[in-house]
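Below you'll find the structures, each written out as structure tokens.
Each of the next two complexes has chain A plus one other chain: chain B in the first, chain C in the second.
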Partner chain A sequence: MDIREQIKSYIAETFLFSDDGFEFSDDDSFLDEGIVDSMGVLEIIMFLEETFGFSVEDEEIKPENFDSVNNLYSYIQRKAPTAVSAS
Partner chain B sequence: MTTKAFHPDILKLDPEKETERIVEHIRHTTFKVLRRKGGVVGVSGGIDSSVVLALAARAMKPARIVALLMPEMESSPESALMGRELCHKFNIEPLVEDMTGPLWGFGAYQRRDEAIKRLFPEYDSTYKFKITLPTDLLQERKLNFFSATIISPEGEVQTKRLPPKELRQIVAATNFKQRTRASMLYYHADLHDFAVLGTPQRNEHGQGFFVKNGDGAMDVRPIGHLYKTQVYQLAEYLGVPESIRSRPPTTDTYTAGSTQEEFFFRLPFETMDLIWYGLENDIPAAVVAEGMDLEEAQVEHVYADLLQKKRTTEYLRLPPLGLADS
Partner chain C sequence: MCGIVGTLNRTKQHPINESQIRLMLSSIRHRGPDQFGVYLFQDSFDGIGLGSARLSIIDLGGGQQPISNEDGSVWIVFNGEIFNYVELRPELERLGHKMSTDSDTEVIVHLYEEYGPACVEHLNGQFAFAIWDERERSLFIARDRVGIRPLYYTEQDGALLFASEIKALLTDPRVKAELDPVAIDQIFTYWSPLSPRTAFRGIKTLPPGHWLLAKSGQPITVERYWQPEFPTIAQPERQADMSIDEAAAELRRLLVDATQIRLRADVPVGAYLSGGLDSSAITAFIRHYTGNRLETFSIAFADEAFDESAYQYRMADHLGTDHHLITANYHDIGEAFPDVIWHTETPLTRTSPVPLYLLSRLVRETDFKVVLTGEGSDEFLGGYNIFKENKIRHFWAKDAESTLRPALLTKLYPYIGGLGQSNDTYLKKFFGYELTDTADPYYSHKIRWRNTSRSKRVFSNELKASLAGIAGERPYLPPNFANWSSMAQAQYLEITVFMAEYLLSSQGDRVGMAHSVEGRFPFLDHRVVEFSNQLPPKFKMLGIDEKYILKKAVSDLLPPEIWNRPKRPYRAPIHRSFFPNGQPLSWVHDILSPENIEGAAIFNPKAVNSLMNKIKRIGELSETDNMTLAGILSTQLVYAQFISNFRNAPDLTGSDDVKVIKRGKR
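This part shows the complex of A and B:
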């Protein structure tokens, strides 16, 4: 599955409890939309580490990397370029 | 729309008038609205419960007040000493209920320690432990994620980011502390036909720094409208002992003694209160920044953090929802 779709499907299932998939745009802020809280941030970290096999450093846990589908995609691209090119 | 005025003294109170207003509120709600015969206050030795007790002492005769100290085996002994000092200052004889037994009964310590041990296998009861959020909120916008710190008997400190499963278990187990205390407060309230006078102030309520049905359980909320720095202003006026007023607010929930700033708020209260006021009153970040000698981006970081906390903790402030409410 495409990485963006993987992210959207994970967010929809874990935080939106929705059968309609991810209903926001790829740039919408997870924080501003009230999608994730502090527990949600930890869940996303775990999703990234388990799915893409890299370690998230504390200093990387900031909105520029985590706050939207596009931010997450760019972050994964930087941390695991092979995962992105293979998708 | 006109922007409200903003200056660093905006939260200065007239403590005498504010005290009169709250005392009248306590009397009216307890006796006339709730038709209870007095008030129960859980005294922690911290600033908020001290102010509530001092206000109750002005609103009611000592015989109509139950001041409960509810230590458990991990509470700081200093807290109980300060609680006693406070009660004596206001001529109220404190009642002591040791919560260790009920907490053992619930398995609170064991359930929490199981989760800590999954993260730090060497952890045992000789270690101290706390959980914290990143601080330096003004410097950089970081997301809120909790870390666990253990301190060995030799003083060796280890910190790790908490995985969600362990964080949930630690928080769920630790919340037994606030919820068993709430049960004890209501035991004494029922015993005397009294109301529970709660101790959360504005920041705790608005940002969700309380345990639902724990320290969030109460009948009257005397200081729920006050910012933390205003609670300190009242404390001074009411004669709360200096030892309590000069102590940094702690959670007194974790053995390593985390302050409320590192556990939740991420900023000193003097800074946070003014920015929280700005946010609540729709004052542009640039205006707040100018009034506080900060950069606009710093205030924006804090606005974003406060909004996130407010939004994600909304469920804590909602009453039970039934079909009749929809």
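This part shows the complex of A and C:
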């Protein structure tokens, strides 16, 4: 599955409990839209580490990396270029 | 303490049957198993039946209800306690009233004769009562100022029915049990329905500080006689000229008296000891200002994250009380939840009532009927984190670009540290929601309500459709609200929404009365409340030091590690109680089955399934997911127990002590 789609279905399934998929745009902020709470950020990090095998450093934990589908996508791209090109 | 029920013909003459009143009483037997009373009146114009289930505490021999005035023309059924009845009685006798019992119940009848509805203003107590005046043909129902004792009513087919608990109303075939979608939506926002709404369509609560008058041939009137009042910013606090030390001394004097009059009972009185400041203070007052032998009760948790037993033992040692403790583990909480929901009669977003239900059972097994507790202190003296959050957000909003100001929030929510070093921007994201909108009257509770509302993602399409187009009700605000301090505004919302509708009911009256245990709350004495409300906000919270004045008032009675430690919110585990080792308890598995979820049509089966998968997959659930889980389970239990499969309790039997009064010319 395309990485963007993988992210969206994870967010929809885990936080939105929605069967209509991810109904926001790829630039929408997870926090501003109320999609995740503080624990949710940590859940996303756990998901990334499990799925892509890299480890997230403390100083990387900021909204620029985790707060939208696009931010997550570019972060994954930087951390695991092979995962992205393989998909 | 007791429970009451009644039915009044309004626009239609139904026969008033003793059996109907007995059936209503049987459903609330737990509230008052010692004695029962039935009053029936019917003639060609009016018909009324009243019932009482009594837990005998004052005047054990003479207080059986119903009780009347001298000539039997005014009758009362009463749930609760009037603590100042000793002082009220001689005044009434001077005015010519003759009493035939030593009970507090009889005092209310004569007060009503003397003052009419204004009688409530003379009462210091926790109560719900109904008075039928045969001459006036009027029914007067009143509830205490802050809502300690419950009262529900409904109008069906030309009759007014009322009762201490909703289940008594549901025994009447005229009452159809249905969930109110708007109430469900409110519970998943505010943690409770907004009064007068209840979880059930058409069934109302008489709000705290209100009375109801139903006169023959006239519309029912419901009036507010009391509500929390705070000083306006323009009109400085009446106590503003008091120093903090003077105010602390006065608070202590009031609290000691409030405690002493709450020890009036003809049975032994115990106390809860949570390990926190409030219950420790009350217990210390009992120890220092009375000669009572003292037994104390507390809950310990097997899960250390929730446990406070070290402090409970510390306090019990310090005061030399006989301490009784019950340890709640995940399994106990999960297994007791269905019974607790039978008593709370409402969906809940938390499990905190359960340990209190287990605790009242321990109290009952120890042969106590009455306990004093510290409820009310956090609301009226500023103990909760939500007041700190509100204060910090106001402080931050004055310079919204500041990166230092929001850092104060990390003192409140240490887990934010888990988000790494560079968490400034996250702080802004979490707590900066509509930061500068400080003129919004609901500013203090915005974040909580928004977070809770996330749980609505699991609502079914049917429920969403029935809510579409309905304008959302907001909590009631009194006329002066906009002129109060931001602290007072936050307190008012916490008092009238959280405390009155959730805490005193689901975590108070219901879980106590489930085991015939009556709670008494010195911090909710209206003199303490009215004094506290007039204090400057900085006396309650200095910086972000909570309950500052209370610490001043009681610290000499307590070990420093009790009054000087950070407050810990009282919580109980949620998902581990229902999914020990990641697998659901069997009742949880059943009630969440796709058939049951579809049958109730409140939640989306796929969403429920996704949540269950998430619980099985990960070890720790977020606050929101935990609330969602508790909300789904409790709503499904309300549906199963009250709607799809409601069962009447076994009727009163020949061995029950029932006093029956029949009046009226038929």
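To be clear about the criterion, the second predicted complex is superposed on the first by the 87 of 87 C-alpha atoms of A that agree within 3 Å, B and C clash if a C-alpha of one lies under 4 Å from a C-alpha of the other, contacts with A are read in each partner's own complex, and residues count from 1 in each chain.
The definition used in the following text is that contacts are C-beta pairs under 8 Å (C-beta built on N, C-alpha and C of every residue); 3 or more make two chains touch, one makes a residue touch a chain.
Keep in mind that what you see is a predicted model, and the values were worked out from it rather than measured.
Trainee: After superposition on the shared chain, which partner residues are touched by A:Ser38: those of chain B (first), chain C (second), both, or neither?
Mentor: both
Trainee: A:Thr14 contacts which: chain B (first), chain C (second), both, neither?
Mentor: Second partner only.
Trainee: For A:Asp58 in the superposed arrangement: first (chain B), second (chain C), both or neither?
Mentor: Touch partners of A:Asp58: chain B and chain C.
Trainee: Looking at chain A, does chain B or chain C touch a larger number of its residues?
Mentor: Of chain B and chain C, the partner in contact with more residues of chain A is C.
Trainee: Would you mind listing the overlap between the chain B footprint and the chain C footprint on chain A?
Mentor: 31-32, 34, 37-39, 41-43, 46, 58, 61-63, 67
Trainee: Show me the residue ranges of chain A that touch chain C in the complex, using the header's touch definition.
Mentor: The touching residues are 13-14, 16-19, 29, 31-32, 34, 37-43, 46, 57-64, 67.
Trainee: How about chain A: which of its residues touch chain B in the complex?
Mentor: Residues in contact with chain B: 31-32, 34, 36-39, 41-43, 45-46, 58, 61-63, 66-67.
Trainee: Enumerate the contact residues on chain C facing chain A in the complex.
Mentor: 413, 415-416, 418-423, 425-426, 429-430, 450-451, 453-454, 457-458, 604, 606-608, 610-611, 614, 618, 620-624
Trainee: Tell me, which parts of chain B touch chain A in their complex?
Mentor: By the definition above, chain B touches chain A via 133-134, 140-147, 161-164, 167-168, 304, 307-308, 311-313.
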